[in-house]
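Each of the two complexes below includes chain A, the first together with chain B, the second together with chain C.
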Partner chain A sequence: MLEITHKPESPGITIILKGHLDAVTAPQLEKQLDDLFRAEHAHIVVDLGCVAFVASAGLRVFLACAKKARRAQRGLALCRLQPQVQQVFELAGMTPLFLIHLAPENAHAALRQRSAAA
Partner chain B sequence: MDPNAAIDIKKSTSRLFVRAPGHGSSLRPIRVVITDLVRQIGFPEDEVAKIEMAVDEACANVVEHAYGATRNWSWEHPDPEIRLTIHTDNNRLVIQINDNGKRFDFAAYRPGNILERIRAMRSGGYGIAIMRQFMDEVEYTSDEMTGNTLRLVKHLKKT
Partner chain C sequence: MSHLPAGAGQDKEAAARAGAIAGLVDVLICVAAACASNSAVLLADALKTFLEFVAVLLAWLAIRRINRGAHHNFDYGIGKLENLSGLFVGILMMLCLLVILGNAIRNFLSPSHVSGLGLWIGIGDQIIYLGINSYLCYRSRQVAAKDNSPAVAAQGRLLFTRAVANAFILIALVLSISLSRFHWAMYIDPCASLLIGGSILLAAFGIFSSSVYDLLDRTLEEKHQLLILRELAGHFDDYEALHGIRSRHAGGQVYVEIFLEFDPQKSVADVQRAINQITESLQSKIPNSHVSIALADHPIA
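The block that comes next holds the complex of A and B.
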């Protein structure tokens, strides 16, 4: 099961996940992220603080999201990864592809700064 | 078997047997059984995470592909289920995963190195790459009698 909630953080948005991101729940996240991209938020921060497990289906969703963000020149960051989730990202070699922060406010600040510098 | 039914667990003196519906609802309870067991065996947390992910990928493949869209499993075994047999021998953890779904040409499937796939931002082929990277041995066989068998082996490292 995966619960998804949003918290606007103008000009971006935080998407807060709670539960397990596996083959069953990954399509639910993919749809939510697609909707957020269509809504044209300047940047998206994904809060993984309450996610205990990420399978390859979840990694694929983040990878697809990183591609879309790059193409659309939007900011994307992840935050509050639990140690076991951080480890999965590291083992899969995905950490260099994402801005990863300890807290959502730090992630938003970094994305705002990056956007201002561009 | 009811797709929403709880998984069935049996223990013998040396083995653990798990039967679960070949359905997405089984993935999480299987992960719980596997992580509890490998922690009890004494694997460190980083290895627990690797084994959990490899088994989840294997079972997700059974649900998605072996029992997937075509539902093309053998009529002699109309009840799609995933069966796991877990034991240790000679300092190895052996997890055998059986299904009676569509067979897969595992040996011919070489998605390449996972890090290269990630760097190229390719969108698929991670499940098997993860199994091969996170486990010490991965072997797949298929025959009419026993169906499809995936054998995942992890060596118990002495500390």
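The block that comes next holds the complex of A and C.
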């Protein structure tokens, strides 16, 4: 079970996830992220504070989305990763691919700064 | 399995044949002992020995088939035959378990002291095999320690388990005979047979869980999925998009398909180099794996 809510933070958006991210729920997240990429938000921050478990299927969605974000020149950041989730990202060697912050506001600020610098 | 050097294949077949013949001799002795006594534990031992013989016999038949050129008709090997053989042995195990359980219940309902010539055949058989298995276990452990070989170490563990089983049956038989003046000693024999049944049940579960999942093309375990993602994250700049990952177990082999999109401006040589690096790295990290990377420009379910 995965609950997904949105919080606009112009010019970006925060997606708040709640529940488990596994083979069953990963397609749901993938579709949401695809829709948001199409909606032309300047950047997306994924709040994982209420996600206690991320399986490889979930990581795969993030890896594919990191590619999509780079291709579309959008910012993608993660925030509030629980220690066990952070560990899974590290095991998969995926932490260098994302901006990871403790709070969504910091993540948005960092993405804004990066796009301004570009 | 399907591409063994000719010599290695013949050696393997000879070893499996010798194992099957030795197993048949053991089965005949155990069946004779069980038939010539009223011991539930000897019946359980005979059924357990029979199951081991069937497993070795099926392994010999599979190796024979490979050596006779089965791989010409089976490009992906005949690994699934091993899964089917495993399922067959698993079903046999469940049938044997029912016989052991039924016999133990009968002995509990109408208990009697163990007797008959078969008891002495059984005791002799257990002493001989306890000696043989203990000696082979000792030798295997010595070789494993010297050569640092996991395969020989595993063989040593198997022989140790067999020696423990021989000792267990021997003790159960000796106690049943020596304590026959006590009424409760009549229950030693069926209790011991139930413990042997328990060990068969555990083995059957292991066989069913691995064989059934492999036949159903189960995907890779999480630890291997993480390895794939780690590899793709490490080559993040080499491809344009990740369109899907598919994996399956099939008869002891692992097949992984990764669908990637590359920059059309890249040369074929650069794409091939990236593909080779990812493929070789994954195949070295995931045992018995065959990794294919396919070009795709849309998501693959």
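Observations on the model:
Definition applied: the second predicted complex is superposed on the first by the 118 of 118 C-alpha atoms of A that agree within 3 Å, B and C clash if a C-alpha of one lies under 4 Å from a C-alpha of the other, contacts with A are read in each partner's own complex, and residues count from 1 in each chain.
Criterion: a contact is a pair of C-beta atoms (placed from the backbone, for glycine too) under 8 Å apart; a residue touches a chain by one contact, two chains touch by 3 or more.
None of the values given here were measured: they were computed from a predicted structure.
Partners chain B and chain C, brought together by superposition on chain A, clash.
Of the two partner chains, chain B is the only one touched by A:Gln87; chain C is not.
In the superposition on chain A, A:Asp22 contacts chain B only, with no contact to chain C. In the superposition on chain A, A:Phe53 makes contact with chain B only, while chain C stays out of contact range.
In the superposition on chain A, contact of A:Ala42 is made with neither chain B nor chain C. By the touch criterion defined above, A:Arg71 lies against chain C but remains apart from chain B after alignment on the C-alpha atoms of chain A.
The partner that reaches more residues of chain A, of the two candidates chain B and chain C, is B.
By the document's definition of touching, neither partner reaches A:Ala109: not chain B, not chain C.
Of the two partner chains, chain B and chain C are each touched by A:Leu63. Of the two partner chains, neither chain B nor chain C is touched by A:Leu99. Residues 55-57, 59-60, 63-64, 66-67, 88, 91-94, 97 of chain A are contacted both by chain B in one complex and by chain C in the other.
Contact residues of chain B toward chain A in the complex are 24-25, 27-28, 31, 45-46, 49-50, 52-53, 56-57, 60, 63-64, 114-115, 118-119, 121, 123-124, 126-127, 130, 133-134.
Residues 55-57, 59-60, 63-64, 66-68, 71, 88, 91-94, 96-97 of chain A touch chain C in their complex.
Remark: chain C residues 222, 225-226, 228-230, 232-234, 236, 239-243, 245 touch chain A in the complex.
Residue ranges of chain A in contact with chain B, taken from their complex: 20, 22-24, 53, 55-57, 59-60, 63-64, 66-67, 83-84, 87-88, 91-94, 97.
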